[in-house]
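Here the chain labels run A, B, C and D in written order, and each chain numbers its own residues starting at 1.
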Amino acid sequence: MDNQFQAFDPRCKFGSKFFPSPIFTASGCAGSGKELSQFFDLDELGAVVTKSISVKPRSGRATPRMAETPSGMLNSIGLQGPGIDQFLAEDIPWLISNNARVIVSISGETIDEYASLARKLRGVSGISGIEVNISCPNVENRGMVFACDPVASKSVVESVRRNVGGELPIIVKLSPDVTDIVSIAGEVINAGADGLALINTLLGMAIDIDAMRPKLAGKTGGLSGPAIRPVAVRAIYQVHAAFRNIPILGMGGVASGRDALELIMAGASAISIGTANFGDPTSVVRIKKELVDLLKERKFSSVAAAVGVAHEK
Amino acid sequence: MSLINKRAEQRNAEIISNKKVGAYHHMVFAAGDMAAYCRPGNFVAISVGGTGSSMILRRAFAIYRASDRGQYGGTIELVVAPHGQGSRWLTSLEIHDVVNIVGPLGTSFGIPTEPAAALLVGGGYGSAPLFGLAEVLKERGCRVDMVLGASSAGKIYAPLEGKRSVNSLTITTEDGGAGIKGRVTQVLPGLIDKHGSEIIYSCGPMGMLAAINEISSSLGLLHQCAVEEAMACGIGICMTCVIPVKDSSGVIKMTRSCIDGPVMDGAKVIWDSSRKVPQGTWGFNG
Amino acid sequence: MDNQFQAFDPRCKFGSKFFPSPIFTASGCAGSGKELSQFFDLDELGAVVTKSISVKPRSGRATPRMAETPSGMLNSIGLQGPGIDQFLAEDIPWLISNNARVIVSISGETIDEYASLARKLRGVSGISGIEVNISCPNVENRGMVFACDPVASKSVVESVRRNVGGELPIIVKLSPDVTDIVSIAGEVINAGADGLALINTLLGMAIDIDAMRPKLAGKTGGLSGPAIRPVAVRAIYQVHAAFRNIPILGMGGVASGRDALELIMAGASAISIGTANFGDPTSVVRIKKELVDLLKERKFSSVAAAVGVAHEK
Amino acid sequence: MSLINKRAEQRNAEIISNKKVGAYHHMVFAAGDMAAYCRPGNFVAISVGGTGSSMILRRAFAIYRASDRGQYGGTIELVVAPHGQGSRWLTSLEIHDVVNIVGPLGTSFGIPTEPAAALLVGGGYGSAPLFGLAEVLKERGCRVDMVLGASSAGKIYAPLEGKRSVNSLTITTEDGGAGIKGRVTQVLPGLIDKHGSEIIYSCGPMGMLAAINEISSSLGLLHQCAVEEAMACGIGICMTCVIPVKDSSGVIKMTRSCIDGPVMDGAKVIWDSSRKVPQGTWGFNG
């Protein structure tokens, strides 16, 4: 290639932190990190975004928890996890000692829970950022999902910002299941978000026509995979058009370097890989390589140079 | 934190044979080194549908047999029921077609340290991993009896060569088309009694495993079962495949059947938990 | 089959009108009817739902107008059409003379336009209903799509109801791109809707990574096809749970009898086939047959008996 | 209201031959009666990807040749460029594989009622429909000259048997790998002059057709062109494939290229209209 003697800069930046690769794992799609580390070195990743962790242990939902759909899948895990204390005691040290950069995804049922998760993370050394998953039901407001309510979204982010201190980058993960994602993005940016993660799953459902009931025990589930990529591209494009300076961690159906580049050209600065890990445990390594090759073929000297280029024409 | 099977790797494997046997397809794959590390109870996860498929998840299949050297190098054999779109695609493949395979995955059947009388119970294609298990048990000097059940004769998978390593084979079919008319659980107490079985190994539909577990626990027998819960990844990263299982301190936890299973201690599993989380499960507040 | 001597009732009902088959074509996915009539008899259909017709002729958007996506497609037609007058003069008489039952889909840019479309349809004999497409930008409110605004949605329906008179069933077609589809459904039901059509396309986008710009000339487009079926099932399930007595015309990625039955068990009384017509011009005939066979296998004596059964367990 | 091709039908067709020729695949399908109704310029729409594919739309292909009787009954021949996922799937099929096909679709090239000197211009696989056209023109006593252009030699599709029905064949390649270095439009004026061409027939990329149309219109020649716009359905029901075309009363309308095309009168087409609707188009208010 023409670029063979020219250094290619694959980095991305959220808040004050640089990440050496633009390919991350998506929250809830990489286990504890340990499982994937048997297939490749976690250092390959820009960062591991952990499964969303709660204050207390959670059993998650009953099974069946998944259903395959055309070019996608539904999941209803229900945020199963050990709670923040055990997580900080076990998962985080393991990840750090294995050279993974770590972005901790947090989820709460009240503003206070987000605040207390942020406080717990404040002192933790070695982590590179927080992803705030606000696609959770707000028990204080009739179970309405935070991410669907601009006021609640803003309050969560303000409270995380206040409690985590000024250093750790805060990336807020939005739901596409809203009438106006740009206005929600605006609220959380005003509240102090350093970046946005787009998109979480779409609410969906599948019915077993033999058992004549929803396939998932939890009835509805989150739709992910290539099926939703056009929605992700649209959301990223709209939000990037409105807020050019806020870095976006793009995700939703990315399964190849071409897909990743599509989201980057729409406005994402880095990409999280979710569902693709399930079908191909080494997909992140492949996608990273494919992406860098595509960027070089197109004479980009960095990932950053390609961010949002689809807006220019 | 559990680890996936230490020997798991991802590779392309050529199909060497694909034969229809009753309701199933017996398929052989050239799987190289992977074959050497397969233990009875382990499974593999295979991509289905080919490039451009709308099926994005792998399908899990119990390993029927694995042999680490032969004309084609290491081979892995599966027994596949053409059920839905993914398995029908797989069984429609031809010799020389290549599939992408991850394995060996999951836990394997525990083998008694001392010779013991074992009763192996399989439902439908659940017989697949039991033949390899029978061989190992036999080598260890165990008595091995087997019961296979299915709805009809075509769904009993019991090849000749497999039968060699069992001391007795009982067959039940719900329609009475072969063997005894009825379900495996009807003949189980009698067989346990007759053969002096000390440990039960099982593989089949969850309802069958639950019914077997009732018998084994009422008789105080060990019960190692290979469960089957819908799996999106097979390698422990998605949390879809969980079932409630008591850990060593008696706490019920939603446990990944792809990593801490598929073979589990039947006595530790909370049965009949489909579509509900058992009361008292760690972290359950519903 | 056991049912071979028992009559199977395939009908469905919207407002006062019965339709002899539960399989309709979806708006904008059947041309003028004439093109499909070369592959099968339009009488096979419950009804032809016409492309959405506007007051004035519309050129529609520039090309490219479509992009294939995983198990789906994006379209940006922009409601190309001849305007209501030519439509009533040419398309409608042809459909009626060819024994098609006709549901006219209407779209406007202002409440007044909907009102005037309704007035034009009032006297037209031979049509069986109106589908009100409210997924159109409201030029009087910063281009905000009517379907995303409960107040505007309600006003449109009230005005159509007032102007069309009491006879013709009004089916209101909702967009899934909203935070709370159940509340929008509630508004339009209060305003006089006899039925709901669920769902319209999802807003999506695809980027050409070679040209480095959106694939569609109109940038964003509507996502349809099997990819969106889980969203359709979820929307239908939620709305049916809230309003058991309002018939739903279900659509979104139905390509087989199994898919149709999934939507019916979620709560749809009839099914519109959209994108599937493009891949298979005779799909409606096949889907109808497959659906009836599946219902009979499951011992249902009518389509109506299966509507919403997934709610019972 | 336009009608789709009156003879269009949907059927399964077996692949009888699939040969790589330069950058393309020449493919032959047993298409039964469908073959009898194909006219030069018509196209077919083929399902790609097989069951369970994520590709839900058909792909359109110009008919290269059709013959209504032979060893396999009626056959249809296509020239397919392995480009993206759909065409690569199609070209990877083997003899005896079966595809679902709808055709013949669209308009065909108009044939002069009196013998005339015709110049046929093809770009890349756009040469495909021109050979059948040449035969028909030849039978009608026309002089037929042909120019084929492509980026490189491998992308010129000009089989021996096709060349038989043309009086002259000129080739241009952008890299100079075969024939004259350059584009078809560079040699066009000279050829028109030399052969006294009265009508131009063209098929190829839209940019090439537009450039040809400039030449034909400046010289006042008839220009029948087969356009190519992305098509979701191919049968007139989706409105994705439109291009702006003047109707008989001079009004510009967004016109379906699958029904009122692909062959259109070049003089009526508003060229260079990709990504914008021309001012003055009926119903345009932007």
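Convention: contacts are C-beta pairs under 8 Å (C-beta built on N, C-alpha and C of every residue); 3 or more make two chains touch, one makes a residue touch a chain.
If you're wondering where the values come from, they're calculated on a predicted model, not measured in any experiment.
Colleague: For the chain pairs A-B and A-D, which is connected through the larger number of C-beta pairs in contact?
Modeller: Between the chain pairs A-D and A-B, A-B carries more contacts.
Colleague: In terms of CA centroid distance, which chain is the most far removed from chain A?
Modeller: Chain D.
Colleague: How far is the middle of chain A from the middle of chain B, if each middle is the mean of its Cα atoms, in Å?
Modeller: Measuring from centre to centre gives 35 Å for this pair.
Colleague: If you average the CA atoms of chain A and of chain D, how many Å lie between those two points?
Modeller: 46
Colleague: Using mean CA coordinates as chain centres, what's the chain B-chain C distance in Å?
Modeller: Going by mean C-alpha positions, chain B sits 46 Å from chain C.
Colleague: Going by the touch rule set out above, which residues of chain D reach two or more other chains?
Modeller: Chain D, residues with two or more chain partners: 54-55.
Colleague: Please list all residues of chain A that touch 2 or more other chains.
Modeller: 70-72, 225-226
Colleague: So how do the chains connect up here, line, ring, star, complete, or something else (other)?
Modeller: Topology of the interface graph: complete, with all chain pairs in contact.
Colleague: Going by the contact rule set out above, which residues of chain B touch chain A in the complex?
Modeller: 1-4, 6, 8, 10, 47, 54-58, 100, 102, 229-230, 232-233, 235-243, 253-254, 259, 273-277, 281-285
Colleague: Using the touch definition up top, name the residues of chain C that touch chain B in the complex.
Modeller: 70-71, 226
Colleague: Please output the residues of chain B touching chain D within their complex, sorted ascending.
Modeller: Touching chain D from chain B are residues 49-55, 85, 89.
Colleague: Hey, which residues of chain C end up touching chain D in the complex?
Modeller: My answer: residues 28-32, 34-36, 38-39, 51, 56-68, 70-73, 75, 77, 80-83, 90-91, 94, 217, 225-226, 255, 275-282.
Colleague: Please give the residue numbers of chain B that touch chain C in the complex, ascending.
Modeller: Checking each residue of chain B against chain C gives 54.
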